[in-house]
Amino acid sequence: MEYFLSETQKEIRGLARKIAEERILPVRAELDEKEEFPWEIMKALAESDMFRVFVPEEYEGLGGGCFDLCLVVEQLSRVCSGVAVSYAASALGSITLIQAGSEEQKKKYLPDVASGKKLAAFALTEPSAGSDATALKTTAQKVAGGYILNGTKQFITNGGEAEIYTVIVLTDKTKGPRGASAFILEKGMPGFSFGKKEKKLGIRASATRELVFRDCFVPEANLLGREGMGFIQTLRTLDWSRPGIGSQAVGVAQGALEAAVDYARQRVQFGHPLIALPAVQNMLADMAIQVEAARALVYAVARTVDSGAKDFTEESAMAKVFAADVSMEVTTKAVQIFGGAGYMRDYPVEKMMRDAKITQIYEGANEMLRGTIAAELRKRRGRRD
Amino acid sequence: MESNGYQGVWTFAEQRNGKLKRVSYEILARGRELADTLGTELTAVCFGHNISEVDQLIAHGADKVYLIDDPALAVNQEDLCAGELARLIRENKPEILLAGATSLGRAFIPRVAAILQTGLTADCTGLDIDAGKKLLLQTRPTFGGNMMATIICKDKRPQMATVRPRVFKKKAPDANRKGQIIKVDFKKEAVTSRTRLLNFVENITESIKLEDADIIVSGGRGLGKPENFKLIEELAEALGAAVGSSRPPVDEGWIPYSHQVGQTGKTVCPKLYFACGISGAVQHLAGMQSSEMIIAINSDPDAPIFDVATYGIVGDLFQVVPLLINKLKCE
Amino acid sequence: MNIIVCIKQVPGTTQVKIDPQTNSLVRQGTKNIINPFDSYALEEGVHLKERFGGKVTALSMGPPQAEEILREAIACGADQAFLVSDRLLGGSDTLATSYTLSRAIRKIADFDLVICGRQTADGDTGQVGPELAETMGLPFVAYVNKIEEVGAGQIRLQRMVEDGYEVIETSLPAMISVVKEINVPRLPSLRGLARAKSAAVIVWTAADIEADMSRIGLNGSATKVIKIFFPNRERRGEKLQGCMEEQVETLVQKLRESRVV
C-alpha cells in the first residue's frame, strides 16, 4: 500500500531493510539459539546512523520522529525482533530525557546515544509492579547533593548492556504515583549492579536483566525535570513509544507472512502446492489483511504522535494492542501452514511465533491497555452528556 | 612494441623455494605444441636461486632456458622479476610469452606487459594459433565463468597470456632431449626493490593439498551446517582424499577459503571428484569439470551437477554418504 | 594519509545471455553495482582514514551512470569522487584502462596509497591494478589481506599466496590490491546518503586528464575480443538406478573398475 513516505523516510526504511537482510538474517538463528546480545549488529546500526533517527538534530541526531523510528523497528523486526527490540529499547531509554531533560542533561547524554556509542534503557517494572506502575517500591532518598537509591527493577530490556538508564523511582513514598521521579543512571555508578540475564521464550537475542540499587548515590543533576513528575513523564514516554511496539509486531507478522507464502508455494502435497488449497488461501489472505490493517493503524498513529497532537494515549494504545494481537495470530497461522516443519527450529516461523508473544505483554499488557482505551471512551462519552 | 622481427615462444618457469611449479611444466607442454605449429623455438625463462632440476625444463620440451640464478631472487621479488623479464624480452624479442596464472604470475606479469606496452590476457584456459595470421588465440572464461571469450593481440609483441593451472596436461619428460641452458647475469644495479619480504607463514589446514590430490571429496550448500562437514571428512578419509568445497560453505564460514574449488577458488583436476550436496553452479564447474571421473550426490534430480557427472546418485546425501563410507570400510 | 580507491561499476549479476540475432551480450534487467571486490578496497581506505586521518578519494572510469557507484562510495565514507568518462575511452583493454587511470591519478596528485580490488566481477582479469602501478612507477603488493602497520613513509602488509601469507614491507607512496578477507565493508550511513546526494562528482574527459589519444580507448588497446561464446559442456551423466543400497553398491563397483579406489 502507498503510505506516502518522504524521500528521507524511504531511505531510512531501505537502509534498515538492507541491514536486516545482510547483517541480521545470516545470524538470527544463531543469536536465538545462543541467546547472544547482538553487539556486532548494534555496531552496524550505529555506523549506519540508525540511532540518530530518533534523536533531535541539536544533539547530533537526525531529528526524525516516532514514525521514522517505527520504520526502522519494523524492518529489523521483520527479520529478528530480538535485535529490533534491543535497538528500540535505546530509543525508549532516551525518550524521557528528550521530553523532560534539561539542556545540560541532553548535551551530556544524547550525542552518545545518537552515535550508538552507548545504548540506553528504560526501567519502570519491578517485581511487585508490572502493569500496576503505582505499586513501585524502589526509593530515592534526598541527601546533600543528590539522592540515595534502593530497590530492584525487573525485566529491563538492554539491562547490563546499556550505559545509560532512565529509572523511575519514588522520591516520596507517601504520595503514591505523585511521589515518583525519573533519574538518569549510568552503568558503573557505585551501588548500581545487575542481576542475572533472564532466559526467555522469545526475543532471545535481546538482553533482559534486573537492575539492583543498594545505597546507590545519584547526583542531583541526574534528576529529570522536577521531583514528583516521574509518573506523568512515564505515561508520556509510553504513549510515544507504544507505536514502536506496534511496528515491532507488524514486522514479525510481515516476516511470518512472507515465509508462509514462500513455503505454501513450494510445498507439494496431494500433487499440488499448498497455496492451491482453498483452506490455505483463506489463511494467507486473512493474514495479509490483518498485517496491512495493523500497519496502516500503526503508521497513522505514529504520524499523529509526530503531528504535535497533545493527547494520543488512546490511539497509541490501540496501535500497540491491535498490532500485537495480529502478530500473535499471524505467526501462529504461519506455523500452522508450515505444519510439522514449522514446529522445528530449522525454519524461522516458530521463532517468530515465540517472538510475537511479548508484544502482547510488555509496554502495557494488552488487557490493561484495553482498560485504558475503555476509560477514554467513558470519559469522552461523559463529556458529551 | 610492434610485431616486426619477433620470433619464438617463451614460457616463464615459476619456482618456489628452488622447486619448479607444476604449472611451469603444463605451459611448457602447450608452448611446445604452439612452437611446433609456428615452426619456431621454445624457450623457458627461470629466475631464482639454487633451483633444482633446471634441466627438466629441457626434458619437458624447452629448446633453450634462460636462467638467472642470484641470491636476490631466492624469494620471488615481483618488481625485480618484472624488470628482468622485460629486459630479456627486449633483448631477445619472443613473439609469445606464457606464464602460469598463479598469484605470482597474475601479479607481476601485468607489470611486464605495462613496461613493454603490450597486450596481456589473464587466466587463459585455451591457447591456439590462427594458422593464417599466425596469431595466438587466447581463450578465457569471463563473467564469472558464464561465458568464454577469445582474445587476440594483433599488433603489439610479445603476445602475452597467463594460463590457468591444471588446464593443460604436463607431458612425460624425455631425458634424451637436447637443449641449451644459458646463464644470464642479474643486473643488480639496474633495479632496486622497494618491497621487502619480511616473513612467510604457511597456512594449509588440509592434510593433502587440494591441487595435488588424486581424489577430492567436496561438500556444498546441501550440507546445511558446518558440523556436517564431518561427514565429508569421513568419506575423504575412507578414500584417502582431500576435502574440497563449493563457494557457499566458504562464504558461510563453514570451511576455510583454501578448500574452495571453482572460479574464485582453486581449479582441480583429480582422477576422482565427489560432489556432495553441490548443485553445480557454473562457477563451481569451472574449477572441477576436467576431473577424470565425477560422482554427484544430490537430492535435486535437475541439479546441473548431474550434467557433468560421470555417475550420479539422486538422493539425500545424509543417507547416501554414510552407506558409501560403510561399504568402503567393509572392503 | 591520503588514499585513492579505484572502483568500477559492474553488472549486479554475472548471468548473461547472448542475443542470437546480433550475437551480442544481453544483460537482462540487472542493476549495476560497485564491483564487490572494490568495496573491500573502499572500506580499507575509509578505515585507514579513520585511523590515521587524511582523505579518501574514489576514482572510477566508465559511462556517465558510473556516477552512481561514486555517490555510493561517498555514502560509505569517501570524501571526494572523480569519474573519467568519455566516448573516446570505449573499448579500452587493461593496458588502455591502466594508462587512463594513471593520468587521472596524476591529476589528483596528492596521495600516499592507491587501493584497488583484486579483480572485477565482470572482466575477472586482475590486471589493471599491477599495470596501473607499473605505469605510475609505484611499488605494488597484490592480494593484501591485512594492513599490519603504517609508519613514516612505509607500510607493512600481509598478502595471501597459495600456501599461506607473506609479510611484506613497502615504501610509500605505493599501490595495493586487496582480497575479501581484509575486512567487512560497512553499509552506507544515513548522513552519508544525504552527503552523497548533494556531493559533486567531478567528471573528467580524456582531454581533462591530458591523455595521449593514441594510448586510450580502442587505439590504446593491444588486445581485442574476437569471439564470445558459451562454454560447451558435454553431457555424460549417468544416474544410477535402484534402491539406495543398490545404487551405492553399483557406485562402489564402478569405482573399483576405474582402479582409482
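Odds and ends about this structure:
Which chain is which? They are A, B and C, in the order written, and residues in each are numbered from 1.
Assume contacts are C-beta pairs under 8 Å (C-beta built on N, C-alpha and C of every residue); 3 or more make two chains touch, one makes a residue touch a chain.
Just so you know, these numbers come straight off a predicted model, no measurement behind them.
Comparing mean CA positions across the assembly, the chain most remote from subunit B is A. The innermost chain, defined by the distance from its C-alpha mean to the mean of all protein C-alpha atoms, is C.
Subunit A and subunit C have CA centres that are 42 Å apart.
Between subunit B and subunit C the centroid-to-centroid distance comes to 21 Å (mean Cα coordinates, whole Å). Chain geometry summary: the mean Cα position of subunit A and that of subunit B are 55 Å apart. Residues of subunit C that touch subunit A in their complex: 186-194. Those residues of subunit A whose C-beta lies close enough to touch subunit C in the complex are 8, 11-12, 15, 18-19, 22-23, 44, 47-50, 52-53, 62.
Per the touch definition, subunit B reaches subunit C in the complex via residues 78-79, 82, 102-104, 106-111, 113-115, 117-123, 137, 140-156, 193-204, 209, 214-215, 239, 257, 263, 271-272, 282, 285-286, 289, 292-293, 295-296, 301, 306-315, 319-320, 323-324, 327-328, 331. Residues 14-16, 18, 25, 93-95, 98, 121-135, 139-143, 156, 160-171, 174, 177, 181, 221-231, 233, 235-240, 244-245, 247-249, 251-252, 254-255, 258, 260-261 of subunit C touch subunit B in their complex.
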